[in-house]
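In structure tokens below, several structures.
The following pair of complexes shares a single chain, subunit A, combined with subunit B in the former and subunit C in the latter.
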Partner chain A sequence: MTTIEQTVEIKRTSIRSARAIERRRLFLWLVPPLAWFTIFMLIPYATLLYTSLGHVDDMRFIPGLSLDNFVRVFTVDPYLSVIIKSARIGLMTAVFSSIVAYPLAFYLAFHVRTQRLKFLIYLLVIVPWWASYLVKAYAWKTILGSGGILNVGMQSLGLVHEPVRLFLYNEFSVDMTLTYIFTPFAVLSIYAQLERVPTSLIEAARNLGADGWMIFRRIILPISVPGVVAGAIITFSLAFGDFVAPVLVGGPDSVMISNVVINLLGVAFDWPMAAAIGLVIISLGLLLISASGWLEERTQTRF
Partner chain B sequence: MTTGIELRNLRKLFEGHGHASWAVDGVDMTIGAGKFVTLLGPSGCGKTTTLRMIAGLEIPTSGQILRDGQDITDQPVTDRDMRMVFQDFALFPNMTIQDNVAFGLRVKSKRGKYTEPQIQQRVAEFLDLVHLKDHAYKKPHQLSGGQKQRVSLARALVTDPKVVLFDEPLGSLDANLRKIMQLELIRLHRELGKTFVYVTHDQDEAMAMSDAIAVMSQGKVMQFGTPREIYDRPANRYVASFIGHAHIVDATVDSKQADSLTVRLGNGDRVGVRGKADAAPGSAVGLMLRAEDLTFTDTAADAIGGKVVDSLYRGEYVEYVVALNGNSGVVHVHARTDLPQVAHGSTVALKVNPAKAHVVVH
Partner chain C sequence: MRAFGNRSLVTTLAMSVLAFLYAPILVMMVFSFNDSQYTGLPFNGFTFRWYEALFRDDQMLTSIWNSVYVGLGVVVISVLFGVPAAIALDRYEFPGKGMFRRIVMLPIVLPGIITGIALLGFYLTIHLRLSLYTIMLGQGTALMCVTITEVFARLQQLGKSQAEAAANLGANDWEIFKNVTFPGIRSALFGAMLIAFSISFDEIAVTFLLTGRENTLPMTLWSLLRREVTPEVNAVATLIVFLSIILIVAGMYASRGNANEREA
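Our next item is the complex of A and B:
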């Protein structure tokens, strides 16, 4: 007959061995994600860092441990100014996308009654993504150019006599094109947030005598803020890193940071500098995502 | 001039997926000012739709809604001075409890009715009324279900409406909390003297709280009366079987006296029923027998015979299932627990309380 102490001891040992088996199993489960993380995240970033610390001499990469390239990002023109300009274009894209997307998302969430129509509009928002990015960016040339729809239309209405050249080949046309291309992301993000607002909230507000504007300002808008923030972050990031729109519709001075990196990798053959810029941008990105994560968390309404 | 709310032949058609049906199909009702009136029925009977039409959240397909004699059928929801308490509370999640309660006052304050200090004071007063003054600065998600419902109650009452509408407000609360909230609602109704229109599918809740109950089924009011009338004198088989543990046994009117009648069951047993019934001798009726109105008796005269087929010990009483002789129906009998247990299969005689037995014609 076993005493209570013996029983407890047997239980303890079996719990210990069960835990050991658990640990071994856990390790097996962890191998695939760890391998994925190493191959696709750690190694590329390490390579990037390794490259950025060296320099190129006579078309040959010399490894090193120098921070010179990072200093150059912030001191040598035009790197910093191009980063700032890219950020400005990203910001304008985010702002314009939110402004364009909000009414559509609002309409989709609150005014489309039938599921079928909702799906149709949803599809119309996504469908442009089936077309090539290049085609869509190029299309803006035919809208904004001197022989484009906008100019021809204005001329035939007698508003202007000469084609207006202000529309194309400048920062504004880059903003417009990027806004057009990335707005669907803002629509989906804002819509997802607006969908969470229960109908009964609006009914309760109406029942208490609130008009449409008050319901929007006091209830719907505050609840939708995190969706707007999330959408703005996505559109900002996508626009910030873009390199096609500036080439197609941008002017001679609308070079963005990705174009600079492409040049450094190609014509200039300065991979270390390109790597340094890449790391700076990634760091900025991390900072931005953390900040927006914090902002989203703070503004998120809990139901 | 009639006071209160009057519904005249109110109808509402719901259309969807190729077919249409009447959610509310001709409701006529007068809800007296200051009364606690409950719309009772199973889900889909049209009670909530009726309430939402009173509130102005649904537009009637036809019919009229009158308020103190005035037609308000086309009045927008924002202008009707009726506050609704929703089943899911519908608190504004982005606002503090205080701002939630103040919302209705701030809407009015735009029209210059209240100053901000007055709003603060009034909100504090009503949060106190529902015992929530310590939670003024919390957000709704930090409160329990019962607290949320009290906030929604305060939010409705703070604007001093004459009518408060309740859409299954206790539906999402647990049984204990529901009992407490029932008492709270009765207290508020008594203290504030407002008209309460209440929707529920819970008959106990309806019986305990209401001045009058409208039992609804398939968009129609089956009976509108005091809880006592509905329980003791149901107008038809539907109401009788919906409220309480009533069993309806098919019977024929045997003879009719001035204020009583005798009915004959399928097996020939006769039962005397007090009161009047709109049925001629020889016509088929339903005899409503409630478990608490039946007692076992030793004398076979003036009793109905049957056999015990089941018994359930309920703690408060023993519930016997008795099959009446000649296959003429099954009734339940509640017996005191201190009486000797009646064995399964025993032949028993049941005495019916003639004051409580009731005949339904339809």
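Our next item is the complex of A and C:
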């Protein structure tokens, strides 16, 4: 009896279409990450939505179905203006880090001769992450502050007579600190793209009489665009959401959106408002990803 | 010949960028030896006392260990769930694929604070007690896209022909993964693990909201920096940089094959 059942079973299996097998394999790979992102992202976001529709009364959360909090994000000061300021700081950081990162990525991709040296420099780009962000940001205070290395140095050289206070506690010092912290991301991203450039393309261009500048402008720069875009998106996002630099090196008014959210959670205990801001930013994030995907698709070179 | 352009100009520029990246680290190191209560000028003289203080500071040592523990957990999570995601994205077409890619990328463009409040709200709802594990889950979610994008990019480069050939020769799924896919992605995976660990080690925003009683190193430093800043914070950061360089160089020697294979 069992043998017959087994035979039938085997036949059934063998006539399953290749497509069904493919589908089973897809599930095998897709289900674990899908489950992960559902539990740790989608469900928490749904919780966030539920929270944002309610309000807080006398330190207690009252569920509701009101869009008031979302209206407040766009109409009540300072939410919208702080979001815009954070975006401006993010943009400056993205631009500065792309400019700073490019030469290093270029050197890494084209001018490092041995694999060992390449790996070493690659590591030198990553290692600053191991030195705490906070301590590094604090080191900038030691450099830029009114009793800092830069000011003392300039005074002893007689360049200035009084300490220059412009270096610290303003929006520019926030931009600069964030650029410094996030430049490694831009380097890795631009380098990954430059590494794709086939050596043969450069050799062909050289054989056809192009000089270095021309090769760079006509070949390398256009090819590198998606890497620059990807790096800029990452540095923009990281700077946009930062809350440490404004506290450490920012001025009295350089509060960013993450600081506002933290205050809402802590002192103000207005979870629904924080949730609404969170959801607005999540939507902006999705838009940003779609836009960057489209941009990278359009600018990507196929070899 | 791959190199083009003015070599000395390019090298000078690149070295200036590295100098920019390492200037504050150098300052941090120098002032960790400063014989003064404050981390800053004037430099009062050379001392090891902040390192001695560090080794007596149980809270600091514990938080270093906590950070390593969390970082390792994050690496495990992002490999276990990120590699399958990358393979699924590389090999198959399925409905909602575009959306899946966007969702996966979302945590890297979102402020860590937003990922943090979403997860914190969720934890509070299901009455999960905050601990190092809740940090791990949060960072794991946020950093998984590093593994997914790195491995996915490598898989795209490798193409499908080898895996298909193996399947035609009768290899089963596990054999294909073990003998074809894994060797192909190994170095990309190694790089992604290194990056994920490094970012996790210095992560502040997600951790800030999800931390329970046990603190990671950045949290301990954050609370120290808000109260009193002594050169001890410089000492701990300096120590970690040296330790990391030693570990990385050791890892480099151990996996010399890996480094050479990067270009393959």
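Heads up, the rule we're going with is that the second predicted complex is superposed on the first by the 268 of 303 C-alpha atoms of A that agree within 3 Å, B and C clash if a C-alpha of one lies under 4 Å from a C-alpha of the other, contacts with A are read in each partner's own complex, and residues count from 1 in each chain.
By definition in this document, a residue touches a chain if its C-beta (ideal position, glycine included) is under 8 Å from a C-beta of that chain, and two chains touch if they have at least 3 such contacts.
These numbers were taken from a predicted model, which means no experiment stands behind them.
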{"item": "When both partners are placed on the shared chain, which of subunit B and subunit C touches more of subunit A", "value": "C"}
{"item": "Touched partner set for A:111, first subunit B, second subunit C, both or neither", "value": "second"}
{"item": "Touching partner for A:203 - first (subunit B), second (subunit C), both, neither", "value": "both"}
{"item": "Touching partner for A:5 - first (subunit B), second (subunit C), both, neither", "value": "neither"}
{"item": "Touching partner for A:286 - first (subunit B), second (subunit C), both, neither", "value": "second"}
{"item": "Touching partner for A:77 - first (subunit B), second (subunit C), both, neither", "value": "neither"}
{"item": "Contacts of A:162 with subunit B and subunit C, given as first, second, both or neither", "value": "neither"}
{"item": "Which superposed partner A:58 touches (first subunit B, second subunit C, both, neither)", "value": "neither"}
{"item": "Contacts of A:302 with subunit B and subunit C, given as first, second, both or neither", "value": "first"}
{"item": "Contacts of A:134 with subunit B and subunit C, given as first, second, both or neither", "value": "second"}
{"item": "Set intersection of subunit A contacts, subunit C complex versus subunit B complex", "value": "203, 206"}
{"item": "Contacting residues of subunit A [partner subunit B, same complex]", "value": "198, 200-201, 203-211, 214, 218-219, 222-223, 301-303"}
{"item": "For the subunit C and subunit A complex, residues of the former touching the latter", "value": "1-7, 10-11, 13-14, 16-18, 20-25, 27-28, 31, 39-41, 80-82, 84-85, 87-88, 91-92, 94, 100-114, 117-119, 121-122, 125, 137-138, 140-141, 144, 148, 153, 173, 194-195, 198-199, 201-202, 204-205, 208-209, 217-218, 221-222, 225, 229, 233-234, 236-238, 240-241, 244-245, 248, 252, 259-260, 262-263"}
{"item": "Residues of subunit A touching subunit C in the complex", "value": "22, 25-26, 28-30, 32-34, 36-37, 40-45, 47-48, 51, 100-101, 103-104, 106-108, 110-111, 113, 115-116, 118-121, 123-136, 138-143, 145, 147-149, 152, 180, 183-184, 187-188, 192, 199, 202-203, 206, 212-213, 215-216, 233-234, 237, 240-244, 248, 257-258, 261-262, 265, 271, 274-275, 278, 281-282, 285-286, 288-290, 293"}
{"item": "Parts of subunit B lying in touch with subunit A, wherever the complex brings them together", "value": "55-57, 77-79, 82-84, 86, 88, 90-95, 103-104, 107-108, 110, 139, 141, 155, 159"}
